[in-house]
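Two complexes are shown next, each including subunit A; its partner changes from subunit B in the first to subunit C in the second.
Showing the complex of A and B:
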């Protein structure tokens, strides 16, 4: 009888300190943008931060829109080097698409204003119905003037919590609150930093957050729910960098591996391992833009990373004598390319990820700066810890939160643990890495979701009134 | 095996013979029905069958039994009074029935936000406050006016702007120093105003000024804040009126020592960067310390046991003897003594047996993870001591069945440990000396000192006390007073003794002087005294020149005297003498050894003894003793 679940009415919500106010949470990263309702454990809407720009006029969002077609350029609204918003127009568009179109219920719009009956916008509805409607609605809103402005604000019911990179600039933060308040009319807004949110997702207020993301790897110390600015360390050694390592490895392979993304393959026949591919490629009546091809190649590389690449567990470096021989004697993994070519990968799959830990082992990548010693993960951690107060260090080492999709590489945590124990021999080191893939990938979003659904958080929100009184500068004062 | 077999084995009385046939009849009835395992089970239970009640889950029934109409929920607006802008209205879902009768406006559900806001303004009294508002706590940061700053807070290293900036940061970050230090980025106003904002290119000199400003360390920030906070605290409430908490806080803040703190941090940093070997060594040392402590404990235990042994008969006999006057009383006394004796004997036997019989391996297993690198010898020693100590304590606990000791063993764990201060307040103190049983009055200690003296001495002591204007009987015999009194009496006693000696010596001196005067009259010109002093200085000289200048006069007589004195001085001289044993010159040897001892008096004595071997060595000696003693007594009197 004890196992009988509590009815919803008797669940003691109070002890968790939760108090839902139907807030929305938006977490923008270089590879993916995540949006959802606060209090849930996974974001409802996850879209790639890459978007399609059709003939330079119209933007399409979401994986289902990123198909080969004429005049489609793939762009990203975030900057690769910084993981902060670069193209604010596109960012506003994609965020609106996610927060308003995907998450809000359909609004009833008077037929005279819903755009369907407008003669001038009818031409735009050419198959991309959703987006056209969106544009049309916007156009209609502009056309109908500001008489109905208050009603048109799409997020007037939901507070919005956004995350940002810890090194985000003040201008970008002001821009974010401006969009949320002016464009969407949220009653309340808050901007939290990704490491803080990731620490919250792991249930910790103080932690050393190691975020191995798509474009960047960062190490940040969080104390009592605030980042320590001096401790922020950032390096490009993330998922995309790993992809470039794989490319470099494929290029130098014997025989050289041809990168043929899935969309190019029409049919294939099975071939033996190592044999050249026998596939029929698709022909397109238009030019596929290089950016689209690069995006598709990146997807292939991601698959390779997920299924083949592994991190040498340690102890010691992978390049230490004997390790490579040991790996060669172990069973490898077979990876089949979209065009049917397949091969067994043994020592190479350890080799590509070694550069994250040991700059000397990084493969040379043409057209990019080689990784420096200070950019390897152990050095990032050391530099981060050296910039915080000595009293905090033991506590931080005992509360290390590992997050980010690239940290899901097999053996990553083992290696991290062995590197740390070698660096800080006398200390107690404890890694906290979520076991679920989603929790690792969406760590910052989940933390934001927890934060925005807390009862004690209500006093933190920047309200519309405060924004109106103080202007966008309030974000610097409040979200420290 | 049936239950009566079990009873048989356990030597339990079988159920009454009369009852058996009837029970058999009862049990024989259902028996034939059971087969296989069921019968075995039945046999196991015997007369008391095992209750096996099949549990019927009422799962499905329950589910449908408690069906009620679905609870009604509503989206209810609320505000949070902890906010700076308390007008923000958020909404959350709440059960409809647990709401206060004041119903929120029904149109607020479908109304537009603008209408909603107006409605909210009207009915803002009705809107509930968030239940989380109470968790909003803020730190108290000292406030000061300009005047107050100038009068008490001025500091050469800090100007007011920077202090204000620090206080703001402290408030913003709720006294979390790590964050304050991390975000501390004070830009002096002058530079900002001269720069005028955004001309980063051409303001090299001023930016150089900014760069030259040395960053504050956390200790500096803390020191300044505590200084300000402590001073403002004292300004608001003078130190003497503070209550204990406030005073403690004030004391903590004023006694903050940044240098010390910085040193501690540096130490901590070194601690962090130590290698595995160092850490292991440190651990080994800690284990060693633990070992030593354990040994100490063992000694204490043994000592206590010894005391107990000495104590036991006393405790009985000092009490009322009438209890033992009857044969019955004597019997109980005997039994008591026997049990006590037995337990003690058993315990000591157990202790020794365990200590000897447990080999090092047993101890090693008790300390499996102690020190993998420690040398085995040390390990075994430690192991045996810890092991025996361990057993010993267990044996002690087991083998004392008497109530009082058990109670005593159990109580200390529960008793609250008083701090030193509290102990003083409550007059609790622990003695190291052995107490006799039963309560005693403190002043009896004083009486005891007095009564043990002879009558004349007693009289003299009381006279001295009267002289000092101290009553013989203490009015308020607190511990301190009694201690002091005891000390005083002690001192008085020594004083009296010394006075007695000095009186006696005075008399002797007078006598000798009279004798001397008489002698002088007899042979006025012949004076042996200067020769003696000369000899003394001669005897001292060799000590500096390491004994090759041998005084001619001191050839034979000095040797004897010095040799006689040497062994009596100090055995420690032996080492000093050792290298010179070959030369065999007694005078040099003695003269060399003695000054090292620092005992110049004895040497002088020896030198003085020589010219007048026959006259009065004893007298001279006593004179020198007298001088030292009189010095001491003078000191005492000063005290």
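Showing the complex of A and C:
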């Protein structure tokens, strides 16, 4: 085999350009976690925040979750209601996987010091046999005292900027800096709030940020780079809620649509639209856990969302007389299920998204609370604006930043615009939504990436020294 | 200090005071230095023509790190004068404009947005602030409406 000109370890780190060469940016959401180098325009590593736990001992991330196996449970380290970290051990685990394993060059250091074999994660190595010796060495190194120098910590050369939800708790913020400083030995750390990063990335220091994400939709007023705490509104009307609407619509279809995720299908034959599927399903010698099945179904629903679902553009509600007849006369879209069953979707694709705007139009979801009027997007905006000073409102309405992956639904911005014009007649309303899909999906990450790469930003970071002197409480003082 | 850590040069404050106190200038345009570390004065002028001023903002450029030149954001202070519709004479309002065209590079927009606070804090006595993102926002009539709160 031909020799590689450079091994991973010897590639110069300055190829990324920018002043702050090695700063890392981490943006954690309920559906996806994004990590990458500051100064780049897209995150290098984007993984689902869902991870697989094999028999409760070993965690697998990303594509490894897609293979069904015995004892595999799919979990999430974030809480769905809040989009903040719930399981810190798993969070540390997945972040290390992304920041250290995927983004750092391999280092010629002893495994006991790279943080991956710390006693609490040692279980991860079990069952692989060949690492048993290193384990023993690791245990010995730990036992021999605090010999690990800062230089040998995995992120000793990389400042880390993390984003956080605006409603993140003080405790969670302290925990984040603790992990970065103590576990990874990062020389500098900063937390920035997602709406601020998204507003900055749109070139605005003051803006009304509407973030339509996976688990939550939030509306936050940002003024001169500071979030107005009282204005923060959030609701579950995001991507996952939309999935539950689709499922409810499929369940009520005649005939009922069978949700067969891709992994179940061994082979399929083409069938006519509306005809029952004739697919051969896979058999597994073990029980596939319900959480794995649910995760796979969610992936199918996401595909349907991305390719079929649309938002009624307005003006007015979709349920207003005449609209549905109009939609029925327009061409629909065909969606083929993994098992080959396919059919045309017309009015349904508007109906599922209507609940985001009009609670009366939401489809019933068994086992979950129905969406309330206050949780619809127009009401969130109204509530947010009612909580800010009346003098700021015109400026906020003229500077609305739309971000988040679920805002990419076709027609979303048109509808938002028409709802706002109806709610605030005579006001100047201007939406700013990035045209590139990546800028919308990774809005907050990109903002963080630019901020961390600014030459002047190095004086802002909370340094290791400050942390050592003041403890984790420094985060509340500095990152306001 | 601003969130980006950029600082304001003393020249900015001097030029602003010349405008505010000595009435030497009609407007001052500020920009970030090429290394994005400091806010400096790009131009101070006593030209009263709004269109000239507007053209200057619209045609402003920003050089990215790779050397590519694209549209650029700016900050500006304009000593805006208008007469009241009620006939009670004229008013002067010192107006701060944060100009960040939507088609400027994302990096440039970000630096300017995150550094604005530093400049705004350094300049005392600003009556109105305008965040402008496209050319309509800095039309004379639009600005007049905002600055005069509809009283012109």
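Keep this in mind: the second predicted complex is superposed on the first by the 420 of 480 C-alpha atoms of A that agree within 3 Å, B and C clash if a C-alpha of one lies under 4 Å from a C-alpha of the other, contacts with A are read in each partner's own complex, and residues count from 1 in each chain.
Here is the rule we use: a contact is a pair of C-beta atoms (placed from the backbone, for glycine too) under 8 Å apart; a residue touches a chain by one contact, two chains touch by 3 or more.
Here the structure is a predicted model, which is why all the values come from computation and not from measurement.
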{"item": "First, second, both or neither for A:373, with subunit B first and subunit C second", "value": "neither"}
{"item": "Partner chain in contact with A:458 - subunit B first, subunit C second, else both or neither", "value": "both"}
{"item": "Touched partner set for A:328, first subunit B, second subunit C, both or neither", "value": "neither"}
{"item": "Touched partner set for A:280, first subunit B, second subunit C, both or neither", "value": "neither"}
{"item": "Contacts of A:399 with subunit B and subunit C, given as first, second, both or neither", "value": "second"}
{"item": "Which superposed partner A:224 touches (first subunit B, second subunit C, both, neither)", "value": "both"}
{"item": "Partner chain(s) touched by A:388 [first = subunit B, second = subunit C, both, neither]", "value": "first"}
{"item": "Touched subunit A residues, subunit B compared with subunit C", "value": "B"}
{"item": "Intersection of the subunit A residues that touch subunit B with those that touch subunit C", "value": "17, 224, 454-456, 458-459"}
{"item": "Touching residues on subunit C, where the partner in the complex is subunit A", "value": "1-7, 35-37, 65-66, 73, 98, 100-102, 104, 106-117, 120, 131, 133, 137"}
{"item": "Of subunit B, residues touching subunit A in the complex", "value": "62, 71, 80, 82-85, 87-93, 95, 112-114, 130-133, 135-136, 172-173, 176-179, 181-183, 218, 265, 268-269, 271-272, 274-276, 278-279"}
{"item": "Touch list for subunit A against partner subunit B, complex", "value": "1, 4, 8-9, 14, 17, 19-22, 150-151, 153, 156-157, 159, 187-188, 223-224, 226, 228-231, 388-394, 424-427, 454-456, 458-459, 461, 463-466, 480"}
{"item": "Interfacial residue positions of subunit A with respect to subunit C in the complex", "value": "17-18, 41, 196, 199-206, 224-225, 395, 398-399, 430, 432, 439, 446-447, 450-451, 454-460"}
